[in-house]
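What follows is chain A paired twice: with chain B in the first complex and chain C in the second.
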Partner chain A sequence: MRAASRSDNVNFEDIRAGDRRALSRFLTLVENSRDVVAEELAELSRRADDHQIIGVTGPPGSGKSTLIAALTKLYREVGRTVAIVAVDPSSPFTGGALLGDRIRLKALAGDKGVFIRSMASRGSLGGLAWRTQDVVRVLAAAGFNIVIVETVGAGQTEVDIAGLSPTTVVVQAPGAGDDVQANKAGLLEIADILVVNKSDLPGAERAKNALKAMLDLGHPTKAKAQDQPIWVPPIVLTSAIEERGINDLAECIASQFSYMQKHGLLVAFQEAQLRAEFMHRLRETLQRRLFDTFTAEEFAGIIRRMVQERIEPQRAVDQLLQNVEFRRRK
Partner chain B sequence: MKQFPIRILIAKPGLDGHDRGAKVIARGLRDAGMEVIYTGLRQSPQMIAEAALQEDVNIVGLSILSGSHMTLVPAIRAEMDAMDLASVPLVLGGILPDEDQRALLDGGVSAVFGPGAGLGEIVSTIEQLCARPADQTT
Partner chain C sequence: MRAASRSDNVNFEDIRAGDRRALSRFLTLVENSRDVVAEELAELSRRADDHQIIGVTGPPGSGKSTLIAALTKLYREVGRTVAIVAVDPSSPFTGGALLGDRIRLKALAGDKGVFIRSMASRGSLGGLAWRTQDVVRVLAAAGFNIVIVETVGAGQTEVDIAGLSPTTVVVQAPGAGDDVQANKAGLLEIADILVVNKSDLPGAERAKNALKAMLDLGHPTKAKAQDQPIWVPPIVLTSAIEERGINDLAECIASQFSYMQKHGLLVAFQEAQLRAEFMHRLRETLQRRLFDTFTAEEFAGIIRRMVQERIEPQRAVDQLLQNVEFRRRK
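Moving on to the complex of A and B:
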């Protein structure tokens, strides 16, 4: 397997000039490494031109990939280049993954204005992979006008996408449940645009009405919580497979994006994103450094004692940490 | 040193309308801990090479049952080589006459698996072909 090390020389000029091989190899470095490409990433981020990031999420089989294919086709017709990052789940048992989103994106093959990258979630539970943010950053810096991120099939709590894309499209299919389902916290709350896909199937109008009722009860908790101007998510009926409603969706995406720009919400979004990423990386780094201070035997020993002597897990943790020094708050 | 999963592209070139074999293999490789990118049916040599490039896979596995392997496989190898993917091995599964197997193995295919090939054998061959350097960064 290819190593993620500096020996794989990254040439940004090649990436910026549209060298897809260089881009692809750099994405592997980003996906596989924690520190080595930090400087390169920072350099790339500074160079990212104007671009738009669109997140697409929704339950498995709701038609996310097919919808993305139809939307991408539309963007290509007006000359915009599109990169797609498609995340599918890794097995919690073997670490393996079946990444099948390309099947639905087949019609985009052969177009040099489109770049598709599949990612396995590798243990991340929020609907994305740990490195999706960085991969998006690289694709934006590579010059793609639009970067579309497809999450794993989402249930109710895989909401990390809302922190990554200023525009989040939540896709539902008819038959997803009643209006109480529609009022549950989580996935539907993060929608900037709600899509009822597969509207060629019976029940589409009913699904739309349930979502509308949900919005009428006072939806945008996200915006209210942050005391921001309120964007009420439009509900769009689409049939991705028949390519119906795609224009409407593209228009909603465009008007939501200009709304964000007009009210200065993009800047606020990016600040919140940096804060969240800082906290995430702080936790990750702390955990790694702390774990590195213990030997495998120490870990095994405390866990064995916990099981054999029936020590409470929290007490076992306290025992393990009792000799670790932390700086006191000043 | 943490190892990352092998990334493999499983593709069905040409006009086969039957991909149970490819799906069985894709599933088996997933269960062996690999990240399997499956392209679906009816892929042209260009589409397969381009997918291998975009996904930066370690290896490509083709499933062919149509009998057109002597046309399609060299074309895929040539497309991949032209895209600077000469170092990415190509393995093949399907029903192939012995003489064709020999010709393909001489022409840039790393392994051929016929009917009855065990999943264990396929997994270990792929792992050997993707033999990983020790400087993998964690």
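Moving on to the complex of A and C:
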């Protein structure tokens, strides 16, 4: 099998022993051609040790990268290893133009206990959240204690990706108009912990109060069912460049994580996520299977007819599927 | 058939004669339960007269709504009817919190030749672009000369929705840091016409020059093939509240539209869009068909086993589909 031979080079023992080049190579395989490493991923899913996934998101300019650098430094001081996945969904064309913002992260790169991976959308956004999920899965299996997923920007894709983490930190900076920014983007709803970063700047307390007021208006937490306990997101003031408030943030993250574990919310969250991923992959696979049923010429003909005769797309789909039978094997 | 009876109330002659309540009712049906009105939509697709679809997008605070109001006023003065679809994908939870921004649009609502429809994502974003497409299709068939699709925010969903219009206007406002905002969000790449609105504010010329410089760096237009002509997006200065530059903008929109028609780009664009919609609806329909093949209990069982035994989702999908046969009918 060609598939197997392409990933033969990947040595999991090397990866778990800390070989960063082997890890990078494997992540590239996972990102580019998932099918090739399907077996390995399945194996890795079962291998992931105890680890914590933290999503960090917020509008551009809120200082996420500096905050993550400070947080990582703190985790390293207590001996925990940290992998950082920096996702840039906003620019399908420039493919990660904002990486320059991450110079502070790069200062950490000399440390063997820190691993940084950048991901861009490459023009196809639909699967970015699930590709990120694969990368996180590999990093957890590679033995990192903490996996931080940073998303740049403030659109729906960021919300989707942030939703992959059981702990989501939403970062704001004080400033005119910024008060409502979190709410506009739907970020407030996904926040488990709210951070007002750059608290050395004027307006930090005001921003905190504005967030507080918004939370009081009713925060739909991840625990939506009536009979489930409600986690009220704490609001933390930090100044990442002055390394202030980072301890508080780390404590909030730890509290929220134990809260999730204690109330069975972590397991519920992971299950919901597996279900969503299953549905996504099911749709993709069904489409591939259907394509295998038709020749490329037949398929092109159907589409050409739809275009020429201005057939409504759903009707064209129904006509196509009239000729296909789904059958359960006995 | 229950499906038919639910849309029996919809009278297309009423809609085309200008009955706004009948139109609103039908749009609600289309948005909520597309299948119920599949026949009607197919019929409408063929009925749409000559019309123009204009997408307007840009970051919050750029004054899109005021600009659209001014543009609509101008179109009305030359006797054209205008439908405005205001889409708010950014907030799945609050469902259109930004509608307050649209007070200026509402001032137009007394005019029988203007129709305004708001859409929010309702928590499920995947289909929002196609739901918008359905709504646009109905509005075109209802006889509106111009359909303006406004998207709020600057994420990927906005880019997707803006991509549904053969003419996309990207609106910017002058201001510190704003210069690069269009590029960050990938908005520059989808722009057919760039507007620096609020040109009464300082920095408008500077913003225009910054955009010009970015365009000169190479603008990947919708006509990507080497042998196709290239439309270079003009940059228009407007002040929507002072109603300045609106004529220039309308002229640019008209020029770009004739350019698209003249070079066969409009037809090519519509065909590409039909193809994309076909693929989306195909995936959705395949999934439904598969669900019909299994009982709800069987399906729940497969998912439960995946969760309990920590089976990797793709593997669970493959196991499920092993028992399903796709067959061409003779």
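Rule of thumb we're sticking to: the second predicted complex is superposed on the first by the 238 of 330 C-alpha atoms of A that agree within 3 Å, B and C clash if a C-alpha of one lies under 4 Å from a C-alpha of the other, contacts with A are read in each partner's own complex, and residues count from 1 in each chain.
In this text, contacts are C-beta pairs under 8 Å (C-beta built on N, C-alpha and C of every residue); 3 or more make two chains touch, one makes a residue touch a chain.
Every value quoted in this text rests on a predicted model; they were computed, and no experiment measured them.
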| item | value |
| --- | --- |
| Touch count on chain A, higher of chain B and chain C | C |
| First (chain B), second (chain C), both or neither touched by A:Leu321 | second |
| Touched partner set for A:Ser255, first chain B, second chain C, both or neither | neither |
| Touched partner set for A:Asn32, first chain B, second chain C, both or neither | first |
| Which of chain B and chain C A:Ile303 touches, first, second, both or neither | second |
| Contacts of A:Leu282 with chain B and chain C, given as first, second, both or neither | second |
| Chain B versus chain C as contact partner of A:Ala120, first or second or both or neither | first |
| Which superposed partner A:Ser24 touches (first chain B, second chain C, both, neither) | first |
| Footprint overlap on chain A, where chain B in one structure and chain C in the other make contact | 34, 90-91, 94, 97-98 |
| Touching residues on chain C, where the partner in the complex is chain A | 34, 38, 41-42, 45-46, 60-61, 89-94, 97-98, 121, 125, 153-159, 177, 183-186, 189, 220, 271, 274-275, 277-287, 289-290, 292-293, 303, 306-307, 310-318, 320-329 |
| Of chain A, residues touching chain B in the complex | 1-5, 7, 20-21, 24-25, 27-28, 31-34, 36, 90-91, 94-100, 102-103, 106, 109-110, 115-118, 120 |
| Chain B residues touching chain A - in the complex, by the definition given at the top | 3-6, 26-27, 29-40, 43-44, 46-47, 50-51, 53-56, 58, 83-85, 130, 132-133, 135-138 |
